[in-house]
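Take a look at the structure set out below.
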Amino acid sequence: MGVVIDGCPPRLSLTEADIQPDLDRRRPGQSAIVTPRKEADRVEILSGTFEGKTLGTPISMWVKNEDARPEAYNEMASKFRPSHADYTYQAKFGIRNWQGGGRSSARETIGRVAAGAVARKILREQFQVEVVGYVKQVQRIAAQVDPETVKQKQVEANIVRCPDETAAPKMIRLIEKMRRAGDSVGGVIECVARGVPAGWGEPVFDRLEADLGKGMLSLPASKAFEIGSGFAGTLLTGLQHNDAFRNQGGKVRTLTNRSGGIQGGISNGETICFRVAFKPVATVMHEQQTVDVNLQNTTLKGRGRHDPCVLPRAVPMVEAMAALVLVDHALRQRAQCG
Amino acid sequence: MGVVIDGCPPRLSLTEADIQPDLDRRRPGQSAIVTPRKEADRVEILSGTFEGKTLGTPISMWVKNEDARPEAYNEMASKFRPSHADYTYQAKFGIRNWQGGGRSSARETIGRVAAGAVARKILREQFQVEVVGYVKQVQRIAAQVDPETVKQKQVEANIVRCPDETAAPKMIRLIEKMRRAGDSVGGVIECVARGVPAGWGEPVFDRLEADLGKGMLSLPASKAFEIGSGFAGTLLTGLQHNDAFRNQGGKVRTLTNRSGGIQGGISNGETICFRVAFKPVATVMHEQQTVDVNLQNTTLKGRGRHDPCVLPRAVPMVEAMAALVLVDHALRQRAQCG
Amino acid sequence: MGVVIDGCPPRLSLTEADIQPDLDRRRPGQSAIVTPRKEADRVEILSGTFEGKTLGTPISMWVKNEDARPEAYNEMASKFRPSHADYTYQAKFGIRNWQGGGRSSARETIGRVAAGAVARKILREQFQVEVVGYVKQVQRIAAQVDPETVKQKQVEANIVRCPDETAAPKMIRLIEKMRRAGDSVGGVIECVARGVPAGWGEPVFDRLEADLGKGMLSLPASKAFEIGSGFAGTLLTGLQHNDAFRNQGGKVRTLTNRSGGIQGGISNGETICFRVAFKPVATVMHEQQTVDVNLQNTTLKGRGRHDPCVLPRAVPMVEAMAALVLVDHALRQRAQCG
Amino acid sequence: MGVVIDGCPPRLSLTEADIQPDLDRRRPGQSAIVTPRKEADRVEILSGTFEGKTLGTPISMWVKNEDARPEAYNEMASKFRPSHADYTYQAKFGIRNWQGGGRSSARETIGRVAAGAVARKILREQFQVEVVGYVKQVQRIAAQVDPETVKQKQVEANIVRCPDETAAPKMIRLIEKMRRAGDSVGGVIECVARGVPAGWGEPVFDRLEADLGKGMLSLPASKAFEIGSGFAGTLLTGLQHNDAFRNQGGKVRTLTNRSGGIQGGISNGETICFRVAFKPVATVMHEQQTVDVNLQNTTLKGRGRHDPCVLPRAVPMVEAMAALVLVDHALRQRAQCG
C-alpha cells in the first residue's frame, strides 16, 4: 500500500514516528475484537522530507504487505461475495483482482490513515485544531459522550474506542458474541473537530459539511452521514432548532450547536460534530446465496480472518478523512482570503 | 441567477421547455404551503445550443430576479440571523451582501435545478435512467412509498410532493399550522434512480454514494444523508444485512437492496435509493436572540415571505443534484471503459 | 459573451471602470488598422460585488453583442473556411453554430480580457506586480524594446501597440497595405511581468512557464511560445547561457536573464519575459480552395469585416492570460507556504 | 522514483516489458554522448495489473536509485548552482534537498517516461496513433526530416536520435567536443503524432496545442514550443499560410499542414507536428559566479557526471508527454461525444 500527499506545507517536522501511531490504531491484530491477521503495517517515508522536515514537494509513503494468504481467496476467483465489491468491479472493469480484494480491499485505508496523520499534525501545529473520533454506538448500544470535552486518551482507554466507561464493556461483549456466532455488527462513529476558526468552507458546492460527508461516505462500509442535529433535527421546529447567537467574552458564540459548527457551508467557530454509520461487516462465516462468474446460482461461506465489527479500527479512518478535508479548506481559505 | 453547464454531449435537443417544468416545481408562490413571493423564474438559454440542439460547448442559462424587495432586508445589514449564513460569510470574507442573502440565498438552487433538468434529460434519453424524488417525512409524519414503482406523476399529485395519499394531507395540515404559528418544520426527502447499469462509480474517493452525499449535503438546509439501509442498517447483523445475489433472467440481481444500489462505490444495477434530511427553515416570525455586527447582544424577528417547510420545493433540487452526479459518472465510465 | 471568475479575494474595490479600459483595447473599430465592426463591448458586472467591493464569491460579467450580422455568415453554413475551426468543430461535435463562428469566434476573448483586468488589479494592488505586453514584431519588422523599463503608456502611444517609435509606423504601413490587398499578416507579442517575487510556480507539471505557455497557446491564432532565451538560446553553449548569481543590495539577482525570470519552474525574482507568435489571420478577401459539408470541393472568398493583423488587439489578451496565470500561482503559493 | 497512473482503461495487456524500452532510451550511461552515470533504471509495476492486464485502478510503478553519490553534491548544500532550481526552491519552500537536486532532479522524468510508455501503448492499440520524436537540431546543426514518414527505427539508428544520416554524425561530433570542453549545448526536438482522428481537443482553455505546449514546457530545460508553422509562420501572409481543404478519397484533407494538425484547438486529422527547444545543460565544468546560502558572492565549478547535451535522452520524454496529453483528450472526447 502506498500513498502520495500533495500540497503539504514545507518545513513541518515529520518522521515515521508521527504516522505510525495512527496506523497502529488501524492495523489488524491489535486487540481481541478485531481480525487476528498479523500485519505490522510499518510505514516508511520514501520522499518529500529532508533531515526530518517536509520539503513542500509530494510526500510518498508505503507500508509493505506481510501476511497475504492468496490461497485463502481461491473461491473468490469464481464467486461474488454478497454485499462486497466483487460483482460491481467485474461489471465496471470486466476484470478484477480476486486475491485479497485488490483495490476494493479495506487495506486501502492505510493510505488514508497515513495521510491523515500528516493532516492532523498540520492542524494541530499550524491551526490549533484537534480532531477526535470515537465509537458512539454499536448496534443498539449507545454511548453518552460530551463532544466538547472528550479526549483521545479516553477513547484509547479501551479496545472498542468508546469513551463511555459504561457502554464500552457492553459493546465489547456484543462484538465478541458476534465473532463466536460467525456474524458481524455495525454502528456509529462520532467525530469532533475543536478549534476550527470561523470561516473555513465554501458557499455552494464545496460546503464544509458536503466535503466532510463525501470523505466519510468514501470510507468502506459507511452508509450514512449526519452533521449537528442530523436526522433528529427534523423532529424539531425552527424555533426549537435555531442556534441563538451571543457575545461571549468578545466572541460570537452560539448558545446551542444544532448546526454542528457549520452554517451556510462555512465553519462558525463552534465545535464541528458529525456522525457516520457503518454497516455490519459483509464477510460472515455462514453459507450465503450468491452467483458465480458464469451467473450460476451457488452458495459461498466466509473464510479467512475478518473483523466482526469494523468500528474500533474505523475510528482513525474517520479522523483521517476529517483532518484531510479540514486542512484542504484551511489552505483554500488562506489562498483566497490571505 | 445564472448557470453554466460544461461537458454536455452535443446534438441533444434542448430548449427552455425542457428546463422550465423543473424550475416551476422549485419556484416560490407555486402553492399555499410555500413562500408567497411572486417570482416566475423564467429561464432563458443564452448560449450552447443552435437550432434547438446542444453544441457540445458550454450552455449558459439565466433567470432574472423579479420580486426583490431589498428594503425587507435592512435589519440584516446590522444583525446576524440565527442559523443562517450571515455570520459565517462575514467571518470568512470580511464582507457580505446582506440584501436578500446574496450568494447564501437559496435562490442559488435555481442554477442547480436548471442544470439538473439537462442532466435528467441526458439520463433519460441516452442512458434510460429515471430519477424520482419525493417527500418521505415531515417532522414525525412518515410516508409509505415503494421505491421500485413510485412515479413522478404520483409525486406531483399533491402540493407537498408526497406520493402517499394518506400521509400527504397530514403533512400539508402540519405545514399550514406551522405557518400560522410563524414557525417552521423540516423532514426527509427520499430519491431513487432506476435503470442505472452496473458499473458507474469509482473505487476509492469518488465512490458513487460519496458523490451523491456531497451533492445532497451541499444543498441549503440539508443536515444528513443515508444510502440504502443507512443508519437503520446498523441495527442488523451482517447475516441479516447482506444482499444475496441471484441470477434472475440472466442478470445478476440481489434479493434485497440494503446496499441501496451501490456496492464498493459502484452501482450494481439495482435501484439507487437514498434519503436527505432537511432542517426546519431558520427564518421564523418570532423574536430570537442574536448579536449585531458590533458584537452587541440584541434580538431579531423574522420578516418577509419565507417557507414554513422547504421540502416541497427541495424535491426538484435533490433530483437535480442526483442527476448531475449520475451523468458525471456515466461520462467518466464511458471515458475509461469505452 | 459572459465570464465567471471564481476565487477572487474579497474586499477588492471593483467596478466596471476597472475592466472597460482593457476591453476598449481589445474591441473592434478602435483604430484604422483593425476590423471596422462597430461594437462598444460595454461590460456589466452581474454578481460578486457589493457596494463596489468584491464579495469573495464568483464574479459574473457580461458584454452584449451589438453588431451581429448573421447574414454575413450564410455561406459558412455549407463551406468550411480554410485554417478556421469550422471543420474541426463539425468533426468533433457533429454540429456547429456557423453564425459568427459560435464558440470558435475570437469574441470569446472578451471573457479572458475582462477576467484578466481583475487579475491585473489584484497583482498590482496586492502583490505589486506589473504586466505589460506589446507588439515585438509584425512579419519581418522587429522592434527594439527594453523589457526592464517599457511602460504601458509607451505601448498605447500608437495604434499598433509597439513601443518602438521607429518600428511602429513601419508596422502600421505594412498592416494597411495588407488590408488593401485583402490579405493578412502575423507577428510576435512580447510580454513582461515585473515585480514577481521569487517562489511562484511548481516543480513538475505546473511549472510557471508551462502554465504561461498553456495560457498563451490557448489564445486564438497563437502558434508558438518561448520564455527567456527561447529558441535562440539553443545557439549558445551552457557557459554562455547560464545566468550568474550575484548579491545586489542584499538580494539574490542574476547578471543576465536568459532564464526569463523562471528557473526550475519557479520565479527567481527577475523580470518574467516571454514571446508569443500569432499566425496571419485566416480570413482573407480572396478565393480559396475548400470543401463543403457534403465533402465536395469548392471555393470560398472571405467576406465581412476582419482584421488584417490580430496583434494590436491581441496585446490585452496576452496580458490577461499572463495575469490570470500569475494570480493563480500567487494564491497557490499563499495556500501552501503561508 | 515512483509514478502513479490514474484512469488507464482496464484489460490492456501490460507488463514491465512494455515500459522498460522507453526507460532504456532515457537512462544515463546508454551511449558515449550522455552522462556516464551507471543506472539500470529497472521498472517494477507495484499495483494496477493482474495476470498481465490492467485492472482499471491506479497503476503504480517504481524505479530504484542505484548510483547515488550524495557526497558529489556537498558543495551544493551551501551554494546555488547558476541556472538550476536551487535558489528558486529555497526561495519558495525555505528548505531544499541539496543532495542530487531532490525534486528538481531530472530523474523525475523517469515517471513521465514510464507513464508515457503506457499512454503510447493505449494510443497504438486502441486508437491507431503513433508518436515519434527525434532530434531536429543541435545548436546550429539542423536535420532534414519528413514528418509524414519518419519511423522510430530511423531515430534509433544512431546515438543522437536524429534520423538524418548526414546531420547525425555532425551533431555527435559537436556534443563530444562540448564534453571535452566541459561545456554543453542545446537544440530542438521535433515530435509527430500520426493517425489522430479529427475531433480531439477543446475549444477554449484546453486546446490541444495548449495542453501539448504545457506538457513540453513542463520538461526540465525546455524553453520554447511551436506547433505547425510556429514562429516561421509569422513571416507569411494569410493567403500564403492558410491550409486549403480538399476531398481526398472521401476524406477532408488539407493540401499543406501549416496548422500542424490542429485548428481551433481541435485535431483536424492531419499529422500533428510540433517542436520543443531545450537550453544547453546548466551544469558545466567551469568556475562560475554565484552566491551562497548566506548571500555571499562566491564561485562554483560543476562536478559530477552530467550530460553535455540533453537532447538524445529527452526524445522519449517528449514522446511521453505528447502521448499522455493525447490519451487524455482521446478519453475526454469519448466521454463527451460517445
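Note that the chains are named A, B, C and D in the order they appear, and that numbering of residues resets to 1 at the start of each chain.
The working rule: a residue touches a chain if its C-beta (ideal position, glycine included) is under 8 Å from a C-beta of that chain, and two chains touch if they have at least 3 such contacts.
All figures in this text were calculated on a predicted structure; none of them were measured in a lab.
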Chain labels contacting chain C and also chain D: A, B
Which of A-B and B-D has more C-beta pairs touching across its chains: A-B
Interchain centroid distance [CA atoms averaged], chain B/chain C, Å: 41
Geometric centre distance via CA averages, chain D-chain B, whole Å: 47
Rounded Å distance between chain A and chain B, as computed from the means of their C-alpha atoms: 26
Contacts with two or more other chains, residues of chain B listed in rising order: 10, 56-57, 92-94, 103, 203, 337
Partner chain B, residues of chain D touching it in the complex: 7-10, 56-57, 203, 331-332, 334-338
Chain B residues touching chain C - in the complex, by the definition given at the top: 2, 4, 10-11, 46-47, 50, 53-58, 60, 92-97, 99, 102-103
Of chain A, residues touching chain B in the complex: 80, 82-85, 87-89, 91-94, 103-104, 108, 137, 139-140, 178, 183-188, 197-201, 203-207, 209-218, 220, 223-231, 233-247, 250, 252, 254-255, 258-260, 262-269, 277-284, 286, 288-291, 295-297, 333, 337
